[in-house]
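One chain, chain A, links the two complexes that follow: it is found with chain B in the first and with chain C in the second.
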Partner chain A sequence: MIAPVSWRLHPGLIACTMAAIRRTWAYRIRFVLWVVRMIAQLYLLRMIWMALYAGHDVVDGIPANMMVVYLTVAMLQEFLIQPLIVFEIEQRIMRGTVASDIVRPVGFMQQMLAYDLGGILGRVPVLLVAIPLSMVVGWLRLPPTPAAAAGYAVSLVLAYLISLMIWLVVGMGGFWMTSTQGLRFLLSTIQSFLAGAVVPLWFLPDVLRTVLQLLPFQGMAFLPLSIFVGQATGIDILVALGIQLFWVVVLALMAAFVWRRAQWKLVVQGG
Partner chain B sequence: MPLIRAEHLVKEYRRPRQHSGRFFGVRTLFTRESVVTRAVEDISIFNEGEVVGYLGPNGAGKSTTIKMLAGILVPTNGSCEVAGIVPWENRSANAMNIGVVFGQRSQLWWDLPLDESLHLIGKMYRMEPERFRRQREMLVDLLDMQPFLQTPVRQLSLGQRMSGDLAAAVLYEPPVLFLDEPTVGLDVIAKERMRSFVEQINRDNRTTVLLTTHDLDDVERLCKRIIIIDEGRVLFDGRAADLKRRYAPHRLLDVVVAGDATERLETVANTLPHGAQSVSLDGMKATFEIDPEIIRVADVIADVSSRVPVIDLGVRESPLEGIIREIYEAREVTR
Partner chain C sequence: MSLTHTLSICWSLIRASIRGQMQYRASFLMEVAAGLAYQSMGFVFIWAVLSRFQSLGGWSLREIALLYGMRLAAHGLYMLCFSNVVRIDDFVREGGYDRFLVRPIPPLLQLMFSSIRVTVVGDVLGGIVILMAALTQVDIAWSAANVALLVLALIGGALINGAFQIGPAALTFRFLESWTLRIIFDDIFSRFGSCPTSILDRPIRSVLTFIVPMAFMAYLPAAAPLGRETYLPVWTGWLSPLVGVIVFGLALWLFVRASRGYQSSGH
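Let's look at the complex of A and B:
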């Protein structure tokens, strides 16, 4: 009844990705607003943290400038890998166009992933402005070692997959729970915190840190960022990647299960 | 050759009963009660090249049937085949054979120019560049889309958007086309464009069209065959002409007489021959209903014009709209 997910590249999927890129670029002014918003957020966060450091150069072994880099990268990568796919899916369900999407020779979920990839590629130009800008003002520097750089690259991809899967699970709940809006609102508000993008887990009380280390969210920000700033080195990099990979697998299984239920609901019960 | 075969298709909807009053949300969430709605399509066979009008009041199950044939919904019971494929078992193969237009919901990409949507669809259906170019050119021409081809879909008028949606549905030349209320909200010109377009692709490509609509002008113009359903029951399946003959065999005769003959017209109206009766009388004008099974229309005309000086007369069939209304209303009574 349900076609298995096939990863053979269909020309339609490439076209979906290209369309999503062009769609991201359809509103030029949004680009400017994105850059402005990002700089403003960075500036404010940096102010708060400098106040918290209160003139100290190092707190709990974390130098102030490392903290700034941490926050900057957190913001940049969050912008890049934000899970807009969930809103895409929700919009299509609400507008009812999901019926047209399902009547395509290309699977619905593959289409959505292709759009999401296009969205990410479409946002890259913003980073091409924001990254040099933050380097010039000294908020961003490169990873300390080639190992950190390579580790971060892998970790970023895994971070994307984790955030994608989490949001797919939450978003697709909407197929059969009348509304997951409450849960989603809660998650979108605290996800940055849970992920360690606002306050690194180092600074949290032991209990809270232990809890967050048992959850998948740290894989979205804290783990890749520790690698980037050089706080996780050597074997720790591999451990971090291992933890991320573990969560990718677990969440992918959950997402597949939820998707199958959602699809069943959609085609059998009429959504 | 039968292109679509649907047998005993049954779709039961089970929805949790919506509670009202205090804590209605929570009670709805935990409720075990449910409301079951049935949509059934008994037996239908659509032949290649047929244009079938699918009528029924709101909620009669028209869209449900289309969704089952399109492979979006899996029926609770029964079977169907579209061009030899069971839609919900092989959705992507079925997708290649069908074009679907949901009048109320666009399949086009909102933020992108119309042309990009067409390109995207061409790729999804693996069209050869040459074939795509030819089809696109033909459709742009046929639907007058050149002026707004590069306009983002969100800025199109409803009529333009519908043209785009139709083009998107037939771009890859599917042998079957499902149109779910394609003219809803369109102005006269856009409706006419839509109708002549459907007529043309049906004629040129022998495309089989299944059309649901509330606009009976669509049906009169396009469909030789009409199926009327309600609550899963087929109330009528046959030619439009037969529908009229069966449910409204009457002809209407409009008569206008000279100003000094209004009294004589009243007398005539009261003494019409058997098989004819007056349905309205207003000064110089009268309308008589004639049952052609009993008396020939020509005989009534001869009778009337021998007794009053007729200035003008005309013969009409009962409009389809009245017939459909009667069928729906009869159903209300028998229920």
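Let's look at the complex of A and C:
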């Protein structure tokens, strides 16, 4: 009774998205705290970087204020594309409710994607507060050129897709491991470092930088951010987008492969 | 109810929980690794930037490694007892807290020991290893006073850490969730706890010294043995445990008080 994979838009999917939006807003206090958390972190991070720059305006060709914009955008986009989908999948597998998800007339993966989209839409209002706020205090400014702005827009979508595919694969690991909590926690803690959201790849020791450039994670933060701040220009923007696209394709193939296998592995607990 | 009996019940709960977590063996190992990774991210960040920028507010990588080791060891100490507080949201929202109320030991104790998170192993070991390694790298005399200062700082740090998890956890009884607030403190401590607070500007520095006393976890106690001036008199480094007891007491009071407002989920 496994629904065939089809991409026809089913009204049930819209319902999934709406449910996810409503659920994001179920606990209102969360929103105040999310904004507080972002501001607190940014404030402290900014101060640490200022201390590191120690009065120098430019280090390795990166001006201090560009670094602040980099950190701000990193935080904002990380907030927007949180990998909650993996948590959703894990919960459903652990509690066994995945059994009823699978017999629904819409494919399981489509349901999960619809939920994820709902989560993102639900978080947008927070950004509508956070973005103007960070522009007023001068931590955020617009990309320097229209090309950078357009490049970033495309790059952000690709970054989301890379994140989505990575987390889908991790989430489906649950069909084998039953509990993916450990793997999820491990990856979620190191991903922002691997992605270059904490320290831009420019400032890393050579060996570490080379390793990170060979992994897909830089496509989640470093590549879009260097386009945004104007560090990657002209042909470099296209190269960055090309690298991201490459990873989207590779990871999507992997996700599809894992999902095909996963359907035969399902063990429902305590059913 | 005798204390030994209470303790033996807690011990049984802990054993059962560890057995339970061992059922998912792959995930168990991953979680230990994840705990270590989460806690080491703060250090990796500092190591990565200091390999390019040399010093942070005049502190070298070795000195900051000491701060980091102190904070992580204190965190491990706190986690040994209070790791399960992270589950308060689930217990309250799904009514599991009911069970604690009908059993004959204090609910907070049951919350603490109904499960011990295995990631603690990573935090404790990581903290001790980094602390010991850093101690051999910096120029500190092994005097009785310095050892006492270090031990007191660890206890104080654990209490401060615990206070800013249990205090916010009290909010769950009112708002049904508090993890968003708890991870704010978790984040700040793990990411910035090993930075000298002297690099921050005055208002924020005051907040992180007198309101959320993060400066007392590592920076202030470590300053004296390292022979460093801070923005406070040198002897304030000895105050960590006192500060810890005060904020922890406040947090406990808040938790117990708020728990009276517990409403079950009605099933």
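Simple rule for what comes next: the second predicted complex is superposed on the first by the 257 of 271 C-alpha atoms of A that agree within 3 Å, B and C clash if a C-alpha of one lies under 4 Å from a C-alpha of the other, contacts with A are read in each partner's own complex, and residues count from 1 in each chain.
In this text, contacts are C-beta pairs under 8 Å (C-beta built on N, C-alpha and C of every residue); 3 or more make two chains touch, one makes a residue touch a chain.
Because the structure is a prediction, the values reported are computed rather than measured.
Peer 1: Considering only touches as defined above, state whether A:A147 meets chain B (first), chain C (second), both or neither.
Peer 2: neither
Peer 1: On the A-aligned overlay, A:P11 touches which partner chain: chain B = first, chain C = second, or both, or neither?
Peer 2: A:P11 sits against chain B, while chain C stays out of touch.
Peer 1: Between chain B (first) and chain C (second), which, if any, makes contact with A:P105: first, second, both or neither?
Peer 2: First partner only, chain B.
Peer 1: Touching A:V129, do we find chain B (first), chain C (second), both, or neither?
Peer 2: So A:V129 meets neither chain B nor chain C here.
Peer 1: With both complexes superposed on chain A, which partner does A:T97 reach: first (chain B), second (chain C), both or neither?
Peer 2: first
Peer 1: Contacts for A:Q41 in the overlay, against chain B (first) and chain C (second): which applies, first, second, both or neither?
Peer 2: second
Peer 1: By the touch definition at the top of the document, which applies to A:R23: first (chain B), second (chain C), both, or neither?
Peer 2: First partner only.
Peer 1: Comparing chain B against chain C, which has contacts with more of the residues in chain A?
Peer 2: C
Peer 1: Shared contact residues on chain A, chain B side and chain C side combined as an intersection?
Peer 2: Correct list for chain A: 27, 178.
Peer 1: Can you tell me which positions in chain A touch chain C when the two form their complex?
Peer 2: The contact residues of chain A facing chain C are 27, 29-30, 33-34, 36-37, 40-41, 43-45, 47-48, 50-54, 59-60, 177-183, 185-186, 189-190, 193, 198-199, 203-205, 208.
Peer 1: Sort out for me which residues of chain A touch chain B in the complex.
Peer 2: Spelled out, the residues of chain A in touch with chain B are 1, 3, 10-12, 14-16, 19, 22-23, 26-27, 95-97, 99-100, 102-107, 178, 266-270.
Peer 1: Inside the complex, what are the residues of chain B that reach chain A?
Peer 2: 11, 13-14, 25, 28-29, 64, 67, 70-74, 88-93, 95-96, 98, 100, 102, 104-107, 109, 111-112, 116, 119-120, 123-126, 152
Peer 1: Applying the document's contact rule, which stretches of chain C touch chain A when the two form their complex?
Peer 2: Touch list, chain C to chain A: 24, 26-35, 37-38, 41, 44-45, 48-49, 51-53, 55-57, 119, 171, 175-177, 180-181, 183-184, 187-188, 191-192, 195, 199-201, 204.
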